[in-house]
Structures are given as C-alpha cells and as structure tokens.
Amino acid sequence: MEDMSNMTSLKAKVLTAALPYIQKYNGKTIVVKYGGNAMIHPLLKKAVMSDIILLTLVGINVVLVHGGGPEISGMLKRLEIPSRFVDGLRYTDKETAEVVQMVLSGKTNKDLVSLIGQLGGKAIGMCGIDGGMIQAKKLEGDYGFVGDITGIQTAPINHALHHGYIPVIATVGTDAEGNVYNINADTAAAEIAAALQAENIITLTDIPGLLQNVDDPDTLIPLVTMADIPKLMEAGIISGGMIPKVKSLERAVKSGVKKAVMIDGRIEHSILIEIFSDEGIGTMFVAE
Amino acid sequence: MEDMSNMTSLKAKVLTAALPYIQKYNGKTIVVKYGGNAMIHPLLKKAVMSDIILLTLVGINVVLVHGGGPEISGMLKRLEIPSRFVDGLRYTDKETAEVVQMVLSGKTNKDLVSLIGQLGGKAIGMCGIDGGMIQAKKLEGDYGFVGDITGIQTAPINHALHHGYIPVIATVGTDAEGNVYNINADTAAAEIAAALQAENIITLTDIPGLLQNVDDPDTLIPLVTMADIPKLMEAGIISGGMIPKVKSLERAVKSGVKKAVMIDGRIEHSILIEIFSDEGIGTMFVAE
Amino acid sequence: MEDMSNMTSLKAKVLTAALPYIQKYNGKTIVVKYGGNAMIHPLLKKAVMSDIILLTLVGINVVLVHGGGPEISGMLKRLEIPSRFVDGLRYTDKETAEVVQMVLSGKTNKDLVSLIGQLGGKAIGMCGIDGGMIQAKKLEGDYGFVGDITGIQTAPINHALHHGYIPVIATVGTDAEGNVYNINADTAAAEIAAALQAENIITLTDIPGLLQNVDDPDTLIPLVTMADIPKLMEAGIISGGMIPKVKSLERAVKSGVKKAVMIDGRIEHSILIEIFSDEGIGTMFVAE
Amino acid sequence: MEDMSNMTSLKAKVLTAALPYIQKYNGKTIVVKYGGNAMIHPLLKKAVMSDIILLTLVGINVVLVHGGGPEISGMLKRLEIPSRFVDGLRYTDKETAEVVQMVLSGKTNKDLVSLIGQLGGKAIGMCGIDGGMIQAKKLEGDYGFVGDITGIQTAPINHALHHGYIPVIATVGTDAEGNVYNINADTAAAEIAAALQAENIITLTDIPGLLQNVDDPDTLIPLVTMADIPKLMEAGIISGGMIPKVKSLERAVKSGVKKAVMIDGRIEHSILIEIFSDEGIGTMFVAE
Amino acid sequence: MEDMSNMTSLKAKVLTAALPYIQKYNGKTIVVKYGGNAMIHPLLKKAVMSDIILLTLVGINVVLVHGGGPEISGMLKRLEIPSRFVDGLRYTDKETAEVVQMVLSGKTNKDLVSLIGQLGGKAIGMCGIDGGMIQAKKLEGDYGFVGDITGIQTAPINHALHHGYIPVIATVGTDAEGNVYNINADTAAAEIAAALQAENIITLTDIPGLLQNVDDPDTLIPLVTMADIPKLMEAGIISGGMIPKVKSLERAVKSGVKKAVMIDGRIEHSILIEIFSDEGIGTMFVAE
Amino acid sequence: MEDMSNMTSLKAKVLTAALPYIQKYNGKTIVVKYGGNAMIHPLLKKAVMSDIILLTLVGINVVLVHGGGPEISGMLKRLEIPSRFVDGLRYTDKETAEVVQMVLSGKTNKDLVSLIGQLGGKAIGMCGIDGGMIQAKKLEGDYGFVGDITGIQTAPINHALHHGYIPVIATVGTDAEGNVYNINADTAAAEIAAALQAENIITLTDIPGLLQNVDDPDTLIPLVTMADIPKLMEAGIISGGMIPKVKSLERAVKSGVKKAVMIDGRIEHSILIEIFSDEGIGTMFVAE
C-alpha cells in the first residue's frame, strides 16, 4: 500500500504542476498537424490521440489536421497508377487526385476519428470539400491538381468545436467547378491555424526539430524568430523537405498565431511535454 | 416576346400550384435514400442533387443517405480482392470492410458533397463513424463484418441541419472496439428516419416501384399498408432483393415515419414529382 | 396517365429552373407595394397573396405595404364628406384623416391579413401608429394632414418577420402629439424598404411600367438608371402621377435598395415572373 | 419650500406603500377589458391608459382587450345600415360585420394605441384576424355573424409582450373561410385571460360592480365565489346585461385565472386603486 | 369608507404622477452609496432598503455600495487595536485591514442583504475580493493598506443584475498578491458608477448637501457644474471631509455618469424624493 | 537534460493516466466540504485550493462549502464572549450568531476566495443569506440560533457556476424574519449536494476516514453502504463527532448523490488522489 500511496501522491504532484499550463491554454485553440512517418506506428498513433483528447478535456480546442503520405503511395501502387514527381511534388492527374481524396478522407481520416472514439473522445471527420472548407486553385507550375489554398471556410470547423467534437481534417481542397486538389498538409494546417487565429500550431514530425547539423540530433535549434528564417535558409540549415514545413509555420506566425512548434512525433506524449512544460521540446518559431 | 411571356406565365402557374405542397412539408424532415444503379448516370445524379437543394430552399430538412454498390465492387476488383456472397449478402472480411469504408466515405460521399457544392448548396459528408453516429454489431449468421444497427446518434445529423447544411451520410457502422461494419443503405436510411422521427423516407431505386408482375411496369402497386405486407410476401409479390427494401420501409413506418415511398430514380426529378403532386409516383407505404 | 406524367414532369422542370432565383433571394428582404386599381379584382388579389406566401416559403422575407384609394373614396362618399384636391393630393382634414385611418387599417389591412390566413399563410396587420412605426409631420404646403415621413421604427416589422409572420402595413403615420397623417403608399413603401435595407422593392401598378409613349404598351422602358431619371423627367416621359412613384423608387435605390421595379399587377403572378426569371417584367430602376 | 417638501414626502410614502402590491404582481399577466360607456370620456380614457402604462413599468404584463359599442352604432347609423336586435344581441349581417371590423380594428383600436404612444408607452394594435388569433364559428341561434370563440392563438399576444409592447386587442373573430365575426368583448377578454393563464382579469364597466339592488350603489357585493353565482342568478340579482359579463368572469376563474374583478371605470384610476390596495373596489369573483 | 376612498384615490394620483419619472429611468443603472451615520438608525436603514427595492421593481438597476465606519471603529476598539490617523485617513496595518474586511463584508454587507431579503427583495452581497472585482494598490503616502483603485471588474456586478439580484458591495479591494485594501466607499462607488456607465450616482450623507455656510442648512447649493468645483474649493466652501466626497462625484460625472447627487440620508425616503420629483433634494453635480 | 526528459516524460505518462478519470467527471458537479483543523495550515490550504482550481479546469463544477471552527472560537475569545456547549453543540445566542456570521462570511470565506484568485482561479464568496440561499429554522432543543435547514435556493450557486466562478459558501442560514443561524458545515454541504444533485460530495477531515479502531489508522474502513450504517452505529464504530458527519453523508447519498467520501485533508492533494485513482483514499459511502 505504501507504494501505491507514493505513486498516487506523485500523480497528484504532477497534476498540480500542470495547473499553470492548463490555465494558460484554457479556451484557446491549438492546431495539431499530424502526418507522415509519425503516423505509422499504431501504439504511437493511439498515444497521440489520447493526448489530444486530454487537451480537449482541460478546455483546449484542438483541431487535428492530417496528411496521409504512405497510405496514398501504397494505394496508388496497388492500383498500378504510376507516380511522377516534379520539383519534389507528386504530379497529380485526375485519377491520382481521386485516389488521394478517397484514401485521405475515407481511410486515414475515418481511422483517426474511429481511434478517438474508441478512446472515449468525440470527433467529426471532414475534408476540404465538406462545407467548401478548403478553397483552392492549381498551384502555379505544371503539377496537375496540386492545390494552392485561396480561402478557408472556418464555419464547419467552428461548428464542430462548438458542439464539443474534435474536427479531424483531411487536406483535400476544392474549387467552384468541383475539381479536387491534393493539398500539402503542412500548408493546410498553417492556413487553418491562421484563419482560426489559433494560439499555437504544433507540427508532429519524425525528426527532433530543426537541426544545425541534420545528422546530429544534439544540434537542435530550440528557438527561431521570424528574423532568423532568411539567415537559416541562406546558411542551408533550412533546406530540402524542411523548406515547405518552415514556410508554413512562418506563414502561421506572421498571420497572428502566437507560437508554431515542430516536435518529434516519435517521442511518446511529445504534445503533452510541449504543452505542459516550460522548456517544451523541438523547435519553436515565434514572431520575435 | 409572346413566347417568353407564355413560358414565364406557365412557370408562375406551376410555382403557385406547388404552394400547398410546400406549405405541407415546411419545417419537416425527409430522409432520401440514394444508391445503386440510380446513382450511376452523372446527369441524373446532378438532377437528384438539384432536387434536394430545392427541397432545402423551400424549408424542408433533407438528410441524404447513400450506398455505393458499383463503386465498391469496382474497387474490390481493381484491388483483386475476391467477393464471396452468402445468402445474397457480400461476405465482408476485414480487408473488404476497409475498402467499403474507404470508397463509401472517401469517394462516393465526398463526390456527392462536392456536387451539391457546385450546384450552390451546402453539405457536410459524414459516415457512421463520425460522432459515433451508426452503432452496429455483427449481423447474426456468418457474414463477417456485415453490420446490424444497434443505435443511431442523431446529434451530428441535427447539428448539420441546424447550421443549414445537408447531411450526406455514408452507411458505414462502428462499435465500441472500433470495428467497421458494412451496413445495408436501405436499412440505415430507415433507422435514421425512425431516429429523427422524419415525416417521409424516399427510396430512389431503378424500378418503377413494387410491381404485381415484376416484368410488367404497368402493374405498379401504388399503395401498400402495413397490413398488406405479409400478404404480398406470402403471394411472392415481395420477393428477392425487394424483401430487405420493403422490410426497411416497414420498419420506418412502424416507428412513426408518416410515409415511406419507393420511387424510380431514373425518372428525372422523380423526387419533386413525388413531393409536389397528390398522385406521387412509385409505391407508397403507410400505416393504414 | 401519360398526360398527368407529362404535366408533373413539366412541373418538376419548372421548379428546378426556379432554383437559382430561389438561391439568390434566400434570406433577403423584399418590400411589395400593393394598391390602387391592382387591388380591386378579388381573384387577382388572391393570386398576389398566394405569390407572397410562396416567396416567404422559399425563404424570402416579404413586407407588404398597401394603400387603399378606392375604398377610402367610397367610404368618404357614403359618409358625405366632400373631397377636395390640392396639387393632385387629397386635402385631408381631421375628419378625413380619421376615415383614412379607419378604412385603411381596419378594412383594407385586415382583409389582406384575412386573405393570407385563408390561403395558409401567417400575417400580422399593422399601421404606422402601431409601435410608432411611421413617424410623420405635415407635408409642406396646405394639404391638411397629408404626412411627410420623418422616421421609420423598424422594430415591429422585424419582430413580425422574426416570428414568421408577413407584416402587412397600412400607410397611416403619426407624430408625438398623436395626429394621424394620410401617407402616400409609394413613399411609405420606399422609406420602409430603405430603413430595412431591403434587397428589392416591387411596386404593383395598373400599367405595364414606364412607357416611352404612355398610350402604347409596346414602348415599355425596361431599365432606368439613376442618371436617366432627370433626363426622362425633362423629356416629359416621367410625368403626372408617375412622378411620385418614380421619386419613391429613386429614393429607395439611392438609400441602398439594390433593385426597384414597377410591374403590372394586373398580370397574374407578375411578382413570381419578376422574381423567377432573368428578364423580369415592367421597368427596373437600378443605381447604374 | 415646506409645502413642496410635504408633498414630495407624501409622494414617497405612497410609493413605499405600493411596494408590496408591486412585488405581488411583478412578472404576472393581467387582462384588462375596456369598453362601452367607460371608454367615452376622453380624460377618463387617458387616465386609464396612463394606469396601464404604469402597470407595465412596474413589471406587470398588461393585455388590453376592448369593445367599441357606441362608435360602431354611430357608424352604422351614419351609413344608414339598420340595426336589428335578436335576444338582446345585434343581428350581424355581412355588411354589419364589415363595419364592426373596420370601426373596431381601424378606429377604436388604433386610437387606443395612439393614446398609449402619446403617453410614452409602446403598444401594438391587433384584432382577432391577425395571426389567426381569435378563431370563431357562428353562435348557435339566428344572429348572423355573431361569433362563438372556438380557440385562441396566444402567439401574437405573447410576442408583443415579449418585445415590450402592450397588446391592444379588438375583438373581431375569424374562421378558416375568412368569415368575420362580431365577438362580445367580455367573452373574448375572458377567453384570452384563460388561454394566457393570466393572474387577473379586470373588467371596467360603468356601474360600481354587482349590486344587491341595482338602483342603490350602496348595496355593492364585494366578493362572489363560484358557488354563489347560481344562487345570485336564481335570486335575479345577476340579470339582464349582467349575465354575460358574470358568465365571462366565471369562465375565466374556472379556467385558472386567480381573480376576476368588475370595477367602475368612471372612477379615475380605478385600476390602480384595485391593484394597489387590499380592499380593492367593485366586485371580485374568486374560486372559493 | 369615504376616507379610505379619498386615501386610495390620492394614492392613485401619486402613482400616476410618478409615471414620467419611472419612464425616464426604466432600464437605467443607478449606483447608491450608503454609509456612515446615515446607516446607523435601524428604521431609516429599513426605509432606504425599501426604496431601493421599489426602484428595482420599476425597472431600475440599482447597485448598492456601502461603507461601514462606525461598525469598524467599534470592532477595532473591542479588539483593542489602536487607531492612528494620517492626513485624516485611518492608518491601516495588516491586522486593521483584516478587521475592515471581516466587519465590512461579513457584518455590514450581509446585514444589508438580509434586510433586503426580509423586505421581499433579492440581493447578493459581494466585496471587492469576489471575482477580483475591485483591483487596488497602496495609496501613495504612508497609510498602510489604504487602497487606490486600479481597475473594476464589472462582470460579477452585471451577472447579479442580469439574474435579478441587487448587488450589495463592500468596498474592500485586492491585488494580485492577495493583499486586502481598505477603500474609501465614496471613491469606490464613483469608480463603479463610471465602470458601469451608470445614469446616476446618489450619495446618502448625514447633511442636507453642499452648504454655502456649513452651519446653516438653509444655504444649500442645489446645483454644481464641473466648472464650479475649483471655484468652490478655492472659496473654502468645499473643504475638509467634503473634499473626497465631491472629488468622487466629480470623477463619476467626468467619466460619463449623467448626474451625481449628494442627498440627506436622514430624511425618510430621500432617494424616492430625489428620483420621483423634478426639484430633487440635496446638491446635484452635472457636467455643465 | 536526460533527467529533465525523464521527468517530463513521466509527467506526460501521469497526465495520460488521469484521462479516464477526467472523462468520467467531465461536466459533473462535486461538492467539497472543507473546514476544521484541515483548514489551518496555510500551505495545505493553498494545495487544496490548487486542487479545486485544477478540477474546474478539467471541466468539473466544484462547489466549496466551508466551516470555520477555530477562527470563530478565536474571535469569540478575543471579544470575551463566553462559549457554552449543549449536547456537544455551541449554544448560539444572538451575539454569538453575529460573530459567527461576521467571521465565517467576512473572514474565512473571503480569505478562501482571495487565495483562489491569487492562484489564478475565479471565485465568488457567498453565505446562506445571499439570495436567501440557506433557509433555516431553530434546531429542536435549546441551542439558541443553531439552525436546522428547511430549504436550499440553488439559483445563486448555479449562476456562479454558469458564469465560470467557483462558488465558495459560508454556512450561515437565515429565515423570513432575518434571523441568522449557525449551521453545521457538514450538514449544509450535504443538503447543498442533495439540492444540486451533485455526483460526489467530498468531506475533508483531519483523520484518515472511518476507523474500526479509532486509535489505529491501519483499521480504515474503505467502503460503507447505506445498509452498513445502522450496524456500525450499534457497534459503536460510528460514534461521537463522527455521527453528524456520517449522518450528513448518508443524507446526501439517500438523496441521489452517487458517492460521498470522507478523506484526510492533511494529506497533500488528497482530493486529486481521491478523484484520479481507482482506489481513492479514506472512506467511501455508497447506496449499496
């Protein structure tokens, strides 16, 4: 009994220590971008969903935006639809766009909604087509139906939050003619955070954050201001696949989101560690 | 100018003639079940969606429930997943259930939502997993994940209606463990109509209605009461694939839905003809 | 049955054709001014009220403003109160003002409310005295209690609309001392449309619209901009009794009402033809 | 200054003495029936309206129901429409019914609304046709369009109260065919009080109340229970024109109205005396 | 009976005379500052509370702010805590501040709330600590915990008013560290009136108002504009304990409160006399 | 850094472990009774208030009911008011009742409100006099103004909860005559929990719970059903000061409160341990 008592007492101490962070975020909106490799491991996925439910229970409005890279690639392969890449972007013809829509909003999205439901939470899955939420046009260049966001309809998201549901959003866009666009999930999450005037945007990745030396996890850069970004680009520290991610977070911060963080989704409960500690983890982007 | 004048004058007369029907249904809820072959032809699909938007604009709450037979079969075939039928039902193993979920809620559902959006309406696509809307268990017998509905959560549907969206529902069910069930769309539509205490349920099929002689469209039975059903079954007039459809409509009527009709979805604007005329079309099922 | 089928099918086509117009006006406010000879024929009156009910059922907020010329004259004659005209306006002494109030708000107004009720609509009759709705002072010149509007209290109108009633308004005005004023119905309708920031004002008259040659209905001028009005006045095309009508519509458009139309109330369902077709009928006044 | 001081001090004492009565009626509904000779004298009419405004300002919901006997008779005479009486009731043919509607809802009603407005109050005038408020059928017997109330639609009355207006009601009734009925104002007030579940109904008459000896004002009967009424009828104390008045109050009390009083409308501020003193004035009818 | 009749008739006349004043203040907020010697006599206290209840019943939002001088002094004496005065202010050490809080919010405040309850009113007692209502810091100079108001949280006051309670406020202030401050009740009432944008502030004192000659009650100055105040200070007419009182009222008027009056709380029903007469009593401070 | 990382990771694990308990109590009401010796130690008091704020932030409606024994005794002693005990109850004469009211609602209550404010929470302090919340009469027997609760007005408590404040309640009662009653805090908390239909009532004491052998903390009885209580009384295990405490909890459970627990307020965060673990601590009373 002594041990139990020690454990529960420790538990109480931890909960009490979380109090100031809970007070700080109470009633605020946080957009969580989840995707890529961080989404593959089932146990990790479950832990992330638990964390999100916990955040909603302490009064935070969480909006979950997800991509679905590996599942889409897998399905395209099974359907023998060849993938072609232009400037690092998947060229998206009509048929590919249809598969993206189907997998993202029918498989990945509903699986996340289902998982939240199993863990006792309440979620509504939506894609950018629902309620005309993500308006897009063709991205300049020759990428087919890769979309450039032209507007966000926040009404469906706010309705879901208002009624106590976690909105889970698949990043498929649309236009007035009903074309379907493949939208980069980092970009969509940032635009949604900006439109909602969210407090934070948290991007779960499969690296520790922005690294001085991409091969050395000990060279994590914990804080980046808007003024630092051009310098870091010039120095080649922000490069490759990191460029669109950083650009998205920059966009969010410049539109009024207070804090944009890139954290390692492979660390269990990394969201909670980020929210409920002063140090946080990963790389934080702020205005100044 | 004379011709135009005649046309617009006729138009005015028709609109005026619709007045009593509009008054009758104003503020009421109608569940439309759409699926199968009636959903294949693009022009027809567009006409059906126009009709539904029109109904919402004259103050009717329309809930659209759809299946997606042909698209599911096509995808299973492309993915080389063999289909096996037991007692006329598709045996649904885990892999098949996943494809059903993906196609129904990611392809068919979002395509309908998109079409409504292009026509100037506002819709939110959902499946039975969202908000835990369709609770199910395994149907008795050995059919795999073919679902038997155990409960309907009407909250997500009512929220959508309240905010002015047409709820478009893919009939995938779920349970507390997160299993996904393939649910017959006729059954789901009937259960939803019952749970919402809808005024009408309209099932769009690819036949004229219930026929005395299945090969002769002139033998349409326009009206069936609850008392007639056992007799028509015994006489073999309700048989085969018609049995589950009639059973569903019977279930709806016995739960308080005032009128359940089976109409020919291949006739352009058949929904409007049904709602805005005394005769209606197809077969109507009423309590007595 | 074939014929019926053709008719109902045509009906469906017409309803579908009305869809874009319904979408355009949904949730908007339209002020209809009804009076004079257009109001005399019972069948026509019934048709106009049906049209108004139909508009409310497709989500348009209709405010009906009426005069009552012939009924007032008839009652004055029966009561042997002599009528004197000054500058084309009926000189209104106290006794005449009392009769105007009584006939307009007790007879004409309630008859219209009753007719709407019989046709299945819901209306509340009001005059400018109710809730102090139409504030007025004596019109400059020597016309007795002919009123010049000094302010519109929109609250009673908005309450009626909010609770789902058609406000039917008799154009009697009042002031702080309780004097009763005879108000020109065209002017009152325009002021009400301006105060409500209505989308349209439709004036039902007993002529086809503004005519180039008043004796030739084929010389209808379909469109008049604000800039055209002084020219048309100078040319004498707007003259006589047409002047106050046009001035009222001008006032409404300059105050933000998008479209002001003068249509022939003797044509059955002219309101519907105006609203549900691109061409419209009669003469339309717009900003530019 | 001493005198003024005494006066204002007295004023303060009186206001304070009114406190318990104000507390008692705060938030309650009182129906005031006003009509006949009590309504003729202009100063008295003004005093009654002031009293009603005062009641609304101390938080009482007042509904004013009025008749208009003398004005109707005057107009019928001027229009040379002969009046015929059957069993003490005016035989009401179509033409008479039209005059009743016109005078009652266009003249008497709006004059009261205007007077309330001049005194700083806010009123909305309505008759039984508005919003289908007073549903009626022909009274049994051969009286023409004398109406028997079949139902009260309280919605328009409650909307007016909700928005802070005094509903002023002319007792004209209607039916589904749009026939207009002449309704006894005492009966209508009682039915409205019953439908609203009012706290009190106060009938203003031109006699001191129910008198033991109709010629001797000192024989006032201050209190009558439901059980007393048959006895007083039998004894001939309730007789003649008093019968329908008492029957109406009886109807109200039996439907749940707590107190029904008949007071002398010729005494200045008799309503205030009734409400703000324990003794009250006139005759009070209670359940037991 | 004649006498009674005369009395009730007089009563009715007085109530009617109050009508315009009631109309004027309906829905407005009045802050009443009550304290010092005016609060000692039990009968007077009861009369003041009756007046306040009456005001709330005629639709005025009354906020009661009180001090508690004599009771505090008495308790300090009983507890043998020595009182020291600096510049006419009680030096407030921690122990004194605790007694002030305890007596003011536990004794004086709840006694007033109780009295209102006994008289049929509804009140909620609060002090500046509740909901962080009165934020303060140390007054410059060496007075210990005498507070200088830095902000007013109006939410708890507005909630009480919204739910129909009279907020009764003890003028104890607080800061982020939880220090308790002794706040001058005149100052607090003025700040609260300013924060609420009240219509009036009424200060009940134990003198007739501002006197030209402090020893001669006949030299009352009935009206003071903001421009008069510096002159009256220079002339020594506003002096001693009158200075902070006048400063507070000046502050309120300069912040938008329409009228600030200082009246003699020893005169029975002086609040009612002030509100319900044109002359008012005491000294009125207005902008100009 | 490794350590920190371990700590934050542990923290995340603990928060996740709390998830099911948070889900269970979300939106429920818990009454916490706090008083006596458990309230003396400042650090402990702060910890209890932190725990309560934490509970409100995870969506639990907490109502804090407190006594104030030692502070009352201290003040009575300082004021040289002799204390007399009858049947273990303090005989409460008028003077004593006044001190109880003053200390409890002016000192203890506001100190708790202040402490919650300092810790970032929002509270409103009230006593049973406010809004007539705790109605009482004299307890049978000769105890002076010791109160027996006759009714709870939940409106002021619900308003505070609705607006996001923690209601902090001093257990002083009142009656229609304005008498003040000293009410046992355990009893008051139980009556309030019953009136609010609270989920739980938690009593913080200075013992581990109900002990088989009062001198041996290892003999804690963890669970007591309603049926057990009479047996435990008979056996003398519930005796002395424990009797009223247990009676109160029994009363709460029998009125529909799901769980009543008695826990050791001296253990830091005992409330959190009770809520966020399956075992709980102390003694739990349930229906069966």
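Chains here go by letter, A, B, C, D, E and F, matching the order in which they are written, and residues are numbered from 1 within each.
Heads up, the rule we're going with is that a residue touches a chain if its C-beta (ideal position, glycine included) is under 8 Å from a C-beta of that chain, and two chains touch if they have at least 3 such contacts.
All values reported here derive from a predicted model rather than from experimental measurement.
Trainee: Using direct touches as single steps, what is the fewest number of steps from chain B over to chain E?
Mentor: Step count on the best path from chain B to chain E: 3.
Trainee: Listed by label, which chains are in contact with chain B and with chain D?
Mentor: Under the touch definition, chain B and chain D have C as mutual neighbours.
Trainee: Could you work out which chain's C-alpha centre is the most distant one from the centre of chain D?
Mentor: For chain D, the chain whose C-alpha mean is farthest off is A.
Trainee: Specify the angle of rotation obtained when superposing chain B on chain F by their C-alpha atoms, rounded to a multiple of 5 degrees.
Mentor: Fitting chain B to chain F on C-alpha atoms yields 120 degrees.
Trainee: Would the interface of chain A with chain B count as same or different, where same needs over half of all numbers used to appear in both copies?
Mentor: Over half of the interface numbering overlaps between copies: same.
Trainee: So, what's the distance in Å between the C-alpha centres of chain F and chain E?
Mentor: 36
Trainee: Any idea how many Å lie between the Cα centroids of chain D and chain F?
Mentor: 56
Trainee: As a quick test, compute the distance in whole Å between the mean CA positions of chain A and chain F.
Mentor: About 44 Å, centre to centre.
Trainee: Which chain A residues sit where two or more other chains touch them?
Mentor: none
Trainee: Which word fits the touch map of the chains here: line, ring, star, complete or other?
Mentor: Chain contacts: single closed ring, each chain with exactly two partners.
Trainee: List, in order, the chains that make up the ring, beginning at chain B and going on to chain C.
Mentor: B, C, D, E, F, A
Trainee: List the residues on chain B that touch chain C in their complex, please.
Mentor: 4, 8-20, 22-23, 26, 47, 50-51, 53-54, 57-59, 119-120, 267-270, 272-273, 276-277, 279, 281
Trainee: So in the complex, which bits of chain B are touching chain A?
Mentor: 78-79, 98, 101-107, 109-110, 113-115, 117-118, 122-127, 129-132, 155-156, 159, 163, 165, 172, 174, 176-178, 180
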